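A, B, C, D, E and F are the chain letters, set down in written order, and residue numbers restart from 1 in every chain.
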Amino acid sequence: MSSSDDSGSMVRATVIQASTIFYDTPATLDKAERLLAEAASDGSQLVVFPEAFVGGYPLGSTFGVTIGNRSHKGNVDFRKYHAAAINVPGTEVDRLASMAGKYKVFMVMGVIERDGYTLYCTVLFFDNQGCYLGKHRKLMPTGLERVIWGFGNGSNIPVFDTPIGKIGAVICWENKMPLWRTAMYAKGVEIYCAPTADSREVWQASMTHIALEGGCFVLSANQFCRRKDYPAPPEYVFSGTHEDLTPDSVVCAGGSVIISPSGAVLAGPNYNGEALITADLDLGEIVHAKFGFDVVGHYARPDVLSLIVKDDPVTPVTFTSEKTEGSQK
Amino acid sequence: MSSSDDSGSMVRATVIQASTIFYDTPATLDKAERLLAEAASDGSQLVVFPEAFVGGYPLGSTFGVTIGNRSHKGNVDFRKYHAAAINVPGTEVDRLASMAGKYKVFMVMGVIERDGYTLYCTVLFFDNQGCYLGKHRKLMPTGLERVIWGFGNGSNIPVFDTPIGKIGAVICWENKMPLWRTAMYAKGVEIYCAPTADSREVWQASMTHIALEGGCFVLSANQFCRRKDYPAPPEYVFSGTHEDLTPDSVVCAGGSVIISPSGAVLAGPNYNGEALITADLDLGEIVHAKFGFDVVGHYARPDVLSLIVKDDPVTPVTFTSEKTEGSQK
Amino acid sequence: MSSSDDSGSMVRATVIQASTIFYDTPATLDKAERLLAEAASDGSQLVVFPEAFVGGYPLGSTFGVTIGNRSHKGNVDFRKYHAAAINVPGTEVDRLASMAGKYKVFMVMGVIERDGYTLYCTVLFFDNQGCYLGKHRKLMPTGLERVIWGFGNGSNIPVFDTPIGKIGAVICWENKMPLWRTAMYAKGVEIYCAPTADSREVWQASMTHIALEGGCFVLSANQFCRRKDYPAPPEYVFSGTHEDLTPDSVVCAGGSVIISPSGAVLAGPNYNGEALITADLDLGEIVHAKFGFDVVGHYARPDVLSLIVKDDPVTPVTFTSEKTEGSQK
Amino acid sequence: MSSSDDSGSMVRATVIQASTIFYDTPATLDKAERLLAEAASDGSQLVVFPEAFVGGYPLGSTFGVTIGNRSHKGNVDFRKYHAAAINVPGTEVDRLASMAGKYKVFMVMGVIERDGYTLYCTVLFFDNQGCYLGKHRKLMPTGLERVIWGFGNGSNIPVFDTPIGKIGAVICWENKMPLWRTAMYAKGVEIYCAPTADSREVWQASMTHIALEGGCFVLSANQFCRRKDYPAPPEYVFSGTHEDLTPDSVVCAGGSVIISPSGAVLAGPNYNGEALITADLDLGEIVHAKFGFDVVGHYARPDVLSLIVKDDPVTPVTFTSEKTEGSQK
Amino acid sequence: MSSSDDSGSMVRATVIQASTIFYDTPATLDKAERLLAEAASDGSQLVVFPEAFVGGYPLGSTFGVTIGNRSHKGNVDFRKYHAAAINVPGTEVDRLASMAGKYKVFMVMGVIERDGYTLYCTVLFFDNQGCYLGKHRKLMPTGLERVIWGFGNGSNIPVFDTPIGKIGAVICWENKMPLWRTAMYAKGVEIYCAPTADSREVWQASMTHIALEGGCFVLSANQFCRRKDYPAPPEYVFSGTHEDLTPDSVVCAGGSVIISPSGAVLAGPNYNGEALITADLDLGEIVHAKFGFDVVGHYARPDVLSLIVKDDPVTPVTFTSEKTEGSQK
Amino acid sequence: MSSSDDSGSMVRATVIQASTIFYDTPATLDKAERLLAEAASDGSQLVVFPEAFVGGYPLGSTFGVTIGNRSHKGNVDFRKYHAAAINVPGTEVDRLASMAGKYKVFMVMGVIERDGYTLYCTVLFFDNQGCYLGKHRKLMPTGLERVIWGFGNGSNIPVFDTPIGKIGAVICWENKMPLWRTAMYAKGVEIYCAPTADSREVWQASMTHIALEGGCFVLSANQFCRRKDYPAPPEYVFSGTHEDLTPDSVVCAGGSVIISPSGAVLAGPNYNGEALITADLDLGEIVHAKFGFDVVGHYARPDVLSLIVKDDPVTPVTFTSEKTEGSQK
């Protein structure tokens, strides 16, 4: 479906609210396939997984880091976390691609990407033919994430023009970056995926706002995790305010949601448990929304406000003998 | 023919006064081809169509918009209108180009251009070899048009130096903008096309004035529409003063006209029905007119009056990896 | 209080939810003074009025405009509306300034500004000494507003550094423009005023999002209007979906609100009637919010995303003998 | 009356269509007074005289000039013409001022101004209190006028804000200069006076266009002259196409006219003889016109089209000891 | 040869006194080549042609212009004259450049330049390598010339520093403009070329004076024309005092001359017929002359007399996307 | 007579060609009175004397100055020369004024002015009522004059508007300064007096050129001196090429002349002996001349060429307690 015709076709989309099987990437992939199959059986054409679903979001961990110090335990934790991450491309990516092809769904998957010894919080895109389309690396990690994940750059902010609409992903607090969102709008995003780890209620306000601002569908996917979804202490420690946790304590409450361009909540938010949140997206609604407010069209003021997106690849080291544009293939 | 030699060659030009087949772009293109063929068979070398001929001029519509409000019916209307618009470039542009080549005419065509979810009132230019030359987007829509069409910018104001003279287009009330006209004069426009939707008699005064002011031929093309050329109510509603309309009521009276640089009316104005208004333009008359008054030559006072035309491309978002000027291709 | 110390001083702020006395600017100013006095008597240091409070927001009006046409009634309506607007500077501005001085409050006032024959939707700023500080003209009107109001430019987007914090204003759907908001954040806005005419519930999501995104207090002021607050028909007609209105019908439901940088609702939203919505703003909360997310600070990615704000004055005509920026004073 | 209130007051204005008493300036001033008295007795508040009424428009003369040559007769003709011109200020200006005061009318008077040995085609402005307000010197003479008149500069293009509206004057083919007109619009001209010597019918189109373009009243004053209004041959010779003239032959047919901002002809054009053309101008119509099209307001595109008017005084020689702008006073 | 050494080298220079082949530019170029070849064969290093040699000086013509009127014959005359002019750059300029290269002479050539529909009286400069160096457009036409030629500006007043000295040109009555000459002196002109159409005897006084005033060599080139060098009547009419002309009547008597910095006449003036006037210029004489009087050196009084030359390019319309200085190339 | 009426009055003017009685100022004044009486008896209304007539032009003297040295004889010579000079004002000025009144002539007199110990080459102006009008000090002495005379400044360049025309004076090689002449033209000089000591034939070319350039009458007055008009050797020595002089040798040949604005020589040049050169000046000719070329009017290009004349008084020492503008009263 191109953005410019008026076929009015509906797209069924599912947001996965589920937890990683921590430190066990093969099992996590198995779980992903089960969830995918379930969504597909319900007729879903697009499935969006949470941030860091493959590799895990190390909630409550400190990796032993304090200002001016690190602990041995933290080093060991990071080594395990590094081991659970995946190379892109790589065998896990191949498996994910074949899953998408098998169930004939488009898939947006949050992963922890390993590039040498630096990890990235990345989202992978697959089409319903079993092809890996590309990735987005989180531009700016939040808080302590900056200690375990590297920083993406402008060359990894794709929007894919697929038969079911233009799909892109913005991860967690990247969603709070107005210039970054505007870059996505300028690329014409219609199905705006927001894998996240933020389960606070105010997150809903941002999701609604973005749907209105961008004139797009917003699909926010978060994990729902109890304490027991992480390794038991002392292997894995929840620091800070979460220390009196029972195995059934909810440590990440979800809140996954699907919102239409007019700000209507189509499905979710769900704060109760693992779930598949599914809705039918009428892409024709976008034209109604943009009729009133087209953020990069009739409502822009390029004579006053002009955003430059430096999306050329940047690498710390470039070898002139290589004509390729990236460095980490 | 260059503007500076004195070959005195004549150019036969036709202004098309006809209505869009509303909401049916393929049929409108078929009609355009029939009209083009007719003009070509009469020896015409240049054919100018009215404003919004492809896509339609939604006369009398309100799109359900009041101050602070919009109606559902208006959204639905806009969605249909959006669907009838065309991408530039795109398949409809390809068809128009091949028509121009088939009948060996230069063609100036008013269209509704779809760029993502914003529409523009645009004029397309084609040469007699079947090539699409470029476009002009209306800089400033009038009245309620500002709700359905975006605003052009300074980078879309071309004048094409063709073998039959220098051709440009200024749409509807853009013709009332003295600075904009002066930019056209500075580009050397010789055949000034004025596709319009204004059928009032005072329009003729402006056309005559512009011919005199610019020392150029003015070719104004307007649609001639009866109520029945638009969908019947309740699908399509004429608001305001037009409410007691019969199917045969004239809702746009035309007034298409061709005027010489001395202010002489060469053909038209026609207020009677659909018609082809044709005249032979003696381009050599331009030198007579400019001998007396050359608005950007001997009669300019650049020491006192200096117009800056900011015609660099502007876009709300620019991606440095792209060399294209737009953002959503 | 400077924005950069940590005195933690509190600012009492009031948002006015009240209607214009339509077509009667002197009476509206009297009403403004009564409301200001009431807020001041409650200890308020900052009072924010709705969009277009002086001059009026012509809700439901069409000004007789359809695509390609205008009615005589619409012209007459506009002439009255033009007459109710105020010059800036001018006698009404003087009166507003003296009110602010008399009640010793900072005041943010939505007005309709008359500049020759074009009107602008403008917000005026006054300090508690009775000085007029400056103005912001709405950059981009929405929908039919584009027919009655001109377009602001980049030179009218001030943020004033006052003893009670850095104050700026963003009007109605300007709040949906991410680049424009980012310009405000870059100017360091701490008390972000959002006079509006949008009383839909989704407006609350945007207000919350902006507080989080900008790390600032958001004060949204809207009118509360019943049908009888506008002239009776046939003088004043509500078009569209509002036609079966009784005099007591609510035509604008308010929803004025004050939100903290953490997204907490401090007062409102009020959908019940005219009201003064008051809260104490602890400016020290801003540092908490920005510790996590500083949109133009540690969370910006200027290597990738760079916004250019062209805020030089632009005028259609500049006279070199004048050092002023406008042309028609 | 200020341009920005809405008093709706009417202004009665008269355009004088009469001929100079050639080579006899005192008699011409007497005639001016008679015409002024007649207009005033009809209640006129503003009286506009034709181009060069005082000093004369030397229609059909060649001043003996050919390319590369001059005749003695031409020199003698010029000496007489120079003698009939007036200094500004000077005794004739004083007399004109006292006339305006005596009859309590605003007066716009075309004169030939003598500044040393160069003549200028100038328009003088007087208020109804008997004060000389200032002058406009024609920027660019037309055709052979360039041999007898000097060129004005940007410092002589005033618009006077009077109790009966903002008044300016644009002389003859200056009216064809779009940038110059735009400067007038930017100064807020409401009563646009167009003293002229062009009696062709196409002149009417330009006057109508300007009224629409500028949203102003246009008052065009031309002389009505028969051959006998000029000295008899051989003293005064009509060259070119006029050689078979009888004393009663019409050599300048007038065509004086008053047009409203909507393009409606309020009085004239008169092609029959000397006449006073009078109309009541409803200045309130301006707001209707500008609601649709405000050339320097909501319909301007200063981001694209920006006119610089260099209106600083320029003189070939400046003496630093003088604070006056000219050199030979 | 640099202007500041004292090599005393001699430069042989030739002034061409010959007529245009009117309305036949190719034939005129052929004639120019013959004359150039003849001068070169005599050892000349610099050849100066008269004003308007290419394009023609339309002596005695009126172009049908009277005050307030134009004739059809005049329009037709102008169209032919416009056709005979040349574009700069353009094919004729290329031919002239190659001539200069072929005969290895510096060449100063008077032409009528066509820029769109306005003509300019221009002088072109070529070096002895066959390169076009640049041009000077006459600043201020004289008398009726103002009707057929546009006005130059301050950006076209070059002096070229060549191996045979610093060369500039001042056309016809520009030579009477003291400020303009002073600008040339300030640019260091050593070989001051004065192409002209003035054949009166008093012209010699000005040439001598300029040589003394400027301390430079003055080379004045004028056409020698008989009536038969112009088309026969009625196609071409001599107006004014020349009406009893026979084909052999001299209509332009020449008077071409070469004068040294001490006021000595080195060659000419010739009033007898077409001729090549040649002299050897001892550039070392300049230092003798300037020892006594250096107009921009020791004899200047910049504390009292200060000339500002505004030589920035000015154009009526500037397109910001172009880095060129003109608007109609 | 004002420059702006057309009275056509004639002015009879006389140029005095006579020698100083060297070192004898009282006798020189007696001689001046005799010459004045003679001119007056012939009906002359204006009498112009040569440069340095009172005080003497020390032709052929070296004042003992060589580079790096001075002689005692030179000092003695200067002391005598200083003694022969006059204070301005002073008794000799009073006598000159009463002469002018007695014979009822306007008088322009070259003198050597003594201001403390510096001498100036000055011209004094008197009216026919016996009033001293003012003075002009030579701006720039030539060659060795720079050793005996000081330099004037911009505050001493008057043009007096008298009943017989506007009169000014330019001394000797000041006449070669184009900017200085232009300042005179800008002041409207009509009777341009050129007292000089240059008797070379090329001087005539400059006088003719100035008449044409300035459109004014030029009256050049030079002394006619034989060797015996100076003291005999060894008291007074002629150095250089004049050493073989007999008492009757002509050392200054005169060449006084009167020229009209059209370049016609009205009287002189006289190279034969002392003489009164008289002519009738038809001031009406000025308008003919300026019709063709008005150097500071229609033929100026102030947009390109702008002369600043710094004519504020300048003095080496200013006492703030004095409010007078000069320093030597």
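Note that in this section a residue touches a chain if its C-beta (ideal position, glycine included) is under 8 Å from a C-beta of that chain, and two chains touch if they have at least 3 such contacts.
Fair warning: this is a prediction, and the values are worked out from it, not measured in the lab.
The fewest steps needed to get from chain C to chain F, moving only between touching chains, is 2.
With centres computed as the average of Cα coordinates, no chain lies farther from chain A than F. Rotation angle relating chain B to chain C: 180°, from a CA superposition, given to the nearest 5. Counting C-beta pairs in contact across E-F and across D-F shows that the higher total falls to E-F. In this assembly, the C-alpha centroid of chain B lies 72 Å from the C-alpha centroid of chain F. Between chain B and chain D the centroid-to-centroid distance comes to 36 Å (mean Cα coordinates, whole Å).
For the pair chain C and chain D, the distance between mean C-alpha positions equals 46 Å.
Centre to centre, using the average C-alpha position, chain D and chain E are separated by 39 Å. Of all residues in chain A, those that touch two or more other chains are 154, 182-183, 185, 292, 295, 300-301, 303-311. Looking at the complex, you find that chain D touches chain F at residues 63, 70, 74-75, 78-80, 82-83, 87, 114-118, 148-151, 153, 314-321, 327-328. If you check the complex, the residues on chain E that touch chain F are 139-140, 142-143, 151, 153-154, 173, 176-183, 185, 202, 204-206, 208-210, 212-213, 262-263, 292-293, 295, 299-301, 303-311, 314. Within the complex, the chain F residues that touch chain D are 3-6, 154-155, 182-183, 185-188, 215, 284, 286-288, 290-292, 294-298, 300-303, 305-312. Of all residues in chain B, those touching chain C in their complex are 57-71, 143-148, 179, 197-198, 238-242, 252, 316.
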